[in-house]
Each structure stands twice: as structure tokens, then as C-alpha cells.
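Notes for the one structure printed next.
Chains here go by letter, A, B, C and D, matching the order in which they are written, and residues are numbered from 1 within each.
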Amino acid sequence: MMDRGRLEAFSDGVFAVAITLLALNLAVAGPGRDHHTLLYQLGHQWPAYVAYLVSFFTIGVIWVNHHALFAQVARVDRPLLFLNLLLLLFVVAIPFATSTVSDYLLVGGQDAHVAGALYAAVMEGMGLSFSLIFIHIAGHGLMTVPMTPEESRAATLRFGVGALVYLVAFGAAFISATLVLAIAGLITTYYIFRQTPGDAGPETSE
Amino acid sequence: MMDRGRLEAFSDGVFAVAITLLALNLAVAGPGRDHHTLLYQLGHQWPAYVAYLVSFFTIGVIWVNHHALFAQVARVDRPLLFLNLLLLLFVVAIPFATSTVSDYLLVGGQDAHVAGALYAAVMEGMGLSFSLIFIHIAGHGLMTVPMTPEESRAATLRFGVGALVYLVAFGAAFISATLVLAIAGLITTYYIFRQTPGDAGPETSE
Amino acid sequence: MMDRGRLEAFSDGVFAVAITLLALNLAVAGPGRDHHTLLYQLGHQWPAYVAYLVSFFTIGVIWVNHHALFAQVARVDRPLLFLNLLLLLFVVAIPFATSTVSDYLLVGGQDAHVAGALYAAVMEGMGLSFSLIFIHIAGHGLMTVPMTPEESRAATLRFGVGALVYLVAFGAAFISATLVLAIAGLITTYYIFRQTPGDAGPETSE
Amino acid sequence: MMDRGRLEAFSDGVFAVAITLLALNLAVAGPGRDHHTLLYQLGHQWPAYVAYLVSFFTIGVIWVNHHALFAQVARVDRPLLFLNLLLLLFVVAIPFATSTVSDYLLVGGQDAHVAGALYAAVMEGMGLSFSLIFIHIAGHGLMTVPMTPEESRAATLRFGVGALVYLVAFGAAFISATLVLAIAGLITTYYIFRQTPGDAGPETSE
């Protein structure tokens, strides 16, 4: 019903706006509204930089994986449209989760735990949505070339590992919000450097 | 005069920005600016989550229906350009209506009623604009394949039902703002699950 | 050097974000932060609605005219890229000018005059940039089909009338900011309803 | 793995949002929240206009150069995707650096120096990322037509000069933040008016 191009264009628009809104959280108080020096303020908000870095590359990785997956999709059915909207629902919430965790990280106590859990929960929702999209595409024959059982297993594992690790991060929130960011940063780094066979293929063949 | 592609690209850009701005309303107060715990704040702002969900999928449905309709359009005339801008005028106001209804829902009294009425009015404006777009396209022979009288009746009913239900929601605002959100959520759910013949056709034939 | 498509896509992105940011100015104060009822607040900020309407359709008209003009452009040279950026510089400032004029309209006195003059100045900058773009395109043979002298005169008049009327609006700011909005609304309405020969041609021939 | 088109579309989206968010910093305080007249406020925030101008055209130049470079790219590999994300990480931070330097410029003292250094550092990060992208593209044979050694030297110099000048600007921050903006404005002006052979070629041949 809908061509892949417009689904990708709309999703890219949402990714682009969400990734840019992340930086709104870097803002410092203007002069006179805070008794601290600018240097103190900038230094004191290091959690905002760390959270910005992690969330920026997380959205970046979602964008890369989103494209890699949809490049294999031959047709888009109505459930896929709405599963994709479900994914975007969580992507759009990432700037909110990011600013909350960076605001409350240094506060410590229950507030920091809750902020970390919120961050992990949004990421978990995003990861699960991505898995649902993959399961739907693979299970309803929407791909140009159907996957072999091995490819399917490898892809399920690949997309599933994120959803699993974010669940671990959710549990880790009750120990430390910093740990949540560290785990999220690790899983993003893993996705950045993991050269999948499917990715490498077309490049070397060219 | 204008090719369909650029109208769709611009509209998709507006949809993408509006849907992402919805999440700005999820923000909680930073530490120290509020005596409540983060958990209390997050729990206390449940209307913001409900309103976010309803508005997010409403814009999502508009996007899906917008594409389904314009995919049948052969040429874009000047009035269609401006009717489309009228639709976007209301889409762009959805984040404002969403944050207002979620801010005032728990306040109750006249303020909550007014906020609910505002939300329903913006949705009504959006629904009416969509109907005007359809009437213009069908009435001025802008479609690739003209609709049969039955198809036309079905589509008029389909697009018109939204405008009618939002009118009911407007009236319901004077009973309860929560009822407005419930009705808006129902109509969006209806559009998500209603598999139209036109949608299913091309998919099964492929 | 740059293909027209990417210039249009980038410009459309800027138009889409700017037009959506306009609605941020509709926000009302949350409950408790203002002693007035929501109804009073909504009624009291009517200048925000008027300014929103005028600015929304102004950006819409710029978008429509931008497309109509660039559809005739065969190639994009470097000066055209930067003249287009100059246009976008003013388009991006429209939400700022809009919120300023709607905030200060009811205050009256010098502040309202200054806000009106600011609004007219931003529109004037936009109008002049558009004229410069047209002059450059027509004068450097960048069009697919060069204009006849009559077409060129008509187009110069058409694009120039905006720049002239915004100058009048600037002067009118010293009488009343409301008058500025009224003039801006009139010129936008003129552009919406003025069916140019170039626009009508391809439509009727189809 | 990823086609160039989607990388460009996503990057253009980020450029468009970032360039539009710059204008949020032009906002003045509403009436009643400030004892100064609007004219005083507008006049007093001249650093915001200068910073807006410099940053707007800097992002504009990055966009132009980004396109000129990627127009020569035959295929996109995974490292290029992430180097491009690194560039966008700094582009997205430009509105933050811009509002900080314009807020603190007139304050003087250490705060102004720090704000200037922050602005220069973000620009340096952007410039270095751009250089890394070029080095990767040229060094891994990703271009449609490989550069001759002379072309490669000229391009390295061209992209490298920015990274070098922003380093000088960083040092200049310890003298004056105004000097930082002046240097950044100069380098952007240089990129606007420098007609590269590669740019001119296709134009004159057409």
C-alpha cells in the first residue's frame, strides 16, 4: 500500500529531528541566573555530555540498522507501518529520557535510580519494537530475498541482543544510573563496530 | 504546477517535526526546582503519557491516510496546495493542544473542560481539512483512476466519520476532558485497525 | 555543481521546521503559574493566533513560490546556493518575529511599534532575498526555457510587489503593529488567490 | 551497504533542523518579565545576531561542502556512515555553542573567554570530522573518479585550512570571545567566496 521510500523518508525525518533535539539538553543557564562561573557549569554537567554522546550514537545506530533492514524489504503492509510508528514512538522519547537521566544522575538516591530505569525502559521499548519489526518482516514474507534459516537465526540474535541487554540495564538502574549509561554506551559501541556479513557483502562485491 | 513528490516531502517533514515535538511535553522539572521525588512527578503526569500516545498515533494515522490518498492523485492544482496547508495548520497545532490538555486534565473544573474542547477543536479542524482535501480531489478529477460512485461513498464516509466523531468529542469536553482523550484514542484505534478494501487490494495482488 | 533536488530538499526541510516551530508560540502557562483561567488566557492571546495564521500561510506561500520558481531552473550555480541561504536566513527568523509581535501587540506604545517594525523588517528581508534569487536566475541564464521580456516583466512585478508592500508595512509599524499584521495578511492572501498564467498553464493543458 | 541518497537525506534533515534551531536564541523576554523596553533588549542582544549570522552561514557552508564532497562518492561503507555521524554530532552542538557565546560575550571576563573557547572547540570538532571524512573517502577508493595527486593535495589543503583556523580561534578565545566570532565569520566568508575549480568546472561546461 505504501511505498518503502515514503516510510523511510518520514522515519529519517523523525530520526533527524530527535537526534538534533538531544542537544537542547546541553544548554547552560544564562549569566546572572546562576552564581556559578560558566566553566563550573560546563564542568558540572558532564552527565549531559555523556548522555548526549550515548543517545546520539544510539539513534545513529538505529538509523543505520533501520536502513539496513528496510533495504531488504520488498513491500510494506499496514501492520509494518504501525510497528514502525511504535519504534518511532520510543525514538522520539529518547531526548526526554536523556535529559531526565542527565539531570538526575548526580543527585543520587532514589531519583537517580528512577531516572536510570526510565532511560533503560525507553531503550528497551525501542529495542523490542525493532525486534517486532524484524519478526513481522521475516514472518510475513515481505523480504525481496527470503532469509535462509541460518541468516534468520543470526539476525534474530543480532536484533534480540539489544532488547536483552537493555533489560539488564533496567535492572542495573537499581544499582546506579551511571551503570545504565555505561551499558547503553557499550551496546551502541558493539553495534557500531560489529560488521555483519550482510553489510560487508555488497561492499566487497562492488 | 507542483509535482506530488515535493508536496508529499514537505508534508512528511511537517508531520515528522510535529510528531517529535509532542515529546517535549514529557519533560519533568529538574532536581531542586520541585520538592517532589522524580517517581512522584513521573507518576503524577500520567495525562501527559496518555495524551502523547493518542496524539502520536493520531498524527501517525494522518500520515498514513495522507499517503494513501495522495498515492491516487495524478496532478496537484493550486487549491489543493492550500487545502493541504490548511491541514498542516491544524497538524502543527496538535503539540500545543496536547500539552494544554495534559497540563489541565487533573486540574478539573472549567479549565479542564476548556482544555478538552481545545483539543477536540484542533482535531475537528484537522478532520474537516482532510475531508475538504478529499472532496476537492474527487470533485475536480485529480485522481489517476476516478472512483466509482460506491468507492466515493465509502471514502467520503471513511474520512467523514473522523470529523463527526471529533464533533462528538467537542461536546464531550463539557462533561470531561478525559472523555475527549478516550474518544480521540478510540477513533485513532479505529483508523489503525480498519483495513480498507483499497489498502488491502494492492497488497494481496502483489 | 549542486543538483536542484538537494537544494529543494534542504529548503523544504527548513520550511517544514520553521512552520512547525511557529506553533510553539501558542503555548499557555501551566496551571498554578498564572491566576487567570485557561479560557481567559486563550482569549487574551488572540494576537498569537492571528500572527500564527499570517506567518503560517506566509511561509506556505514562500514554499509554493519557491517551488514554482525552482521548477524552471535548469542548473544551480554557487551564488544561487548562497542567495537561497540568505532567503532561508529570514525564513528561519520568522518564528522569532512572530512570537515577538504577538507578545507585544497588546502592550501598545513604543514596544508594540518596535515589534511590528521587527516583523515587517524580517518579511522585507525575505521578500528582497526572493527578488534577488529571481533576478540572479533570470539574469544568468539558469532557466530551462528563458523568459520572454513580457514574462520577465510580469514575474519581476509579481515578486517585487511583496518587497514593496512589506516596506509599506514597515512604515505602518509606527502607526500600529496590528496594521502590520493586517498588511502582511493581505499580501499573503493576494499570493494565495493570484492564479498566475505560468501556474495555470500546465494544469489546463493536462 | 547504504545508498548515498539516504545518507544525504538524513544529513540534510539534521542540517535543516540545526540551522532552524539557531533562531530560538533570538527570542527576547516577554513584556512584564523585563523592565527594559523592547528596543533596548533588541539592541542589547547584538551578539545574538552576529552569532546567528556566523553560525547560520557556517552550517550553510558545511551543507554546501558536504554535498560537493558526497557528489563524488561512489559507495558508502560502514566507517563512512559513522564518520558522518561524528560530523553531525558537532553540527547538532552548534546551536548550543552559539547561544552560549552570545549569552556570555558581553559579560566579559573568564566566562566570555570560556564561551568563546567552547564555540571554537565545537567548530574545531566539526572541521576535524570533515577532514576525517575526506581522508577516509580519498584513502579507501570510495570515489567515482579517483583524484589526481594534485587534486588530492588541493582538497586536503582546502578542508584542512578550516581545522587549522578554528584551532587559532580556540587560542584567540583567551584574548576575546568577539575575536573568536570574527575569525569564524572570516573563515565562513572565505568558504562562501572561494570558487573551487571542481565547482566551477561542471557549471561552465554546461
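To be clear about the criterion, a residue touches a chain if its C-beta (ideal position, glycine included) is under 8 Å from a C-beta of that chain, and two chains touch if they have at least 3 such contacts.
This one's a predicted model, so the numbers in the text were calculated from it and none came from an experiment.
Chemist: Looking at C-alpha means, what's the farthest chain from chain C?
Modeler: Taking each chain's C-alpha mean as its centre, the farthest from chain C is A.
Chemist: Taking only the C-alpha atoms, how many degrees of rotation bring chain A onto chain D, rounded to the nearest 5?
Modeler: It is a rotation of 90 degrees, to the nearest 5.
Chemist: Taking all residue numbers at the chain B to chain C contact, is the shared part over half or under half, that is, same or different?
Modeler: Answer different: the two copies use largely distinct residue numbers here.
Chemist: Once you find the CA centre of chain C and the CA centre of chain D, what distance in Å lies between them?
Modeler: Computed from C-alpha means, the inter-chain centre distance equals 26 Å.
Chemist: Which residue numbers or ranges of chain A touch two or more of the other chains?
Modeler: If we look for residues of chain A contacting two or more partner chains, we find 9, 13, 16-17, 21.
Chemist: Under the stated contact criterion, what part of chain D meets chain C in this complex?
Modeler: On the chain D side, the touching residues are 8-9, 12-13, 15-17, 19-24, 26-28, 30-31, 37-39, 42, 53, 56-57, 60, 63-64, 67-68, 71, 192, 195, 198-200, 202-203, 206.
Chemist: What part of chain D is in contact with chain A in the complex they form?
Modeler: It comes out as residues 1-3, 6, 9-10, 13-14, 16-18, 21, 75, 77-78, 81-82, 85, 88-89, 92-93, 95-96, 99-100, 103-104, 107, 110-111, 114-115, 118.
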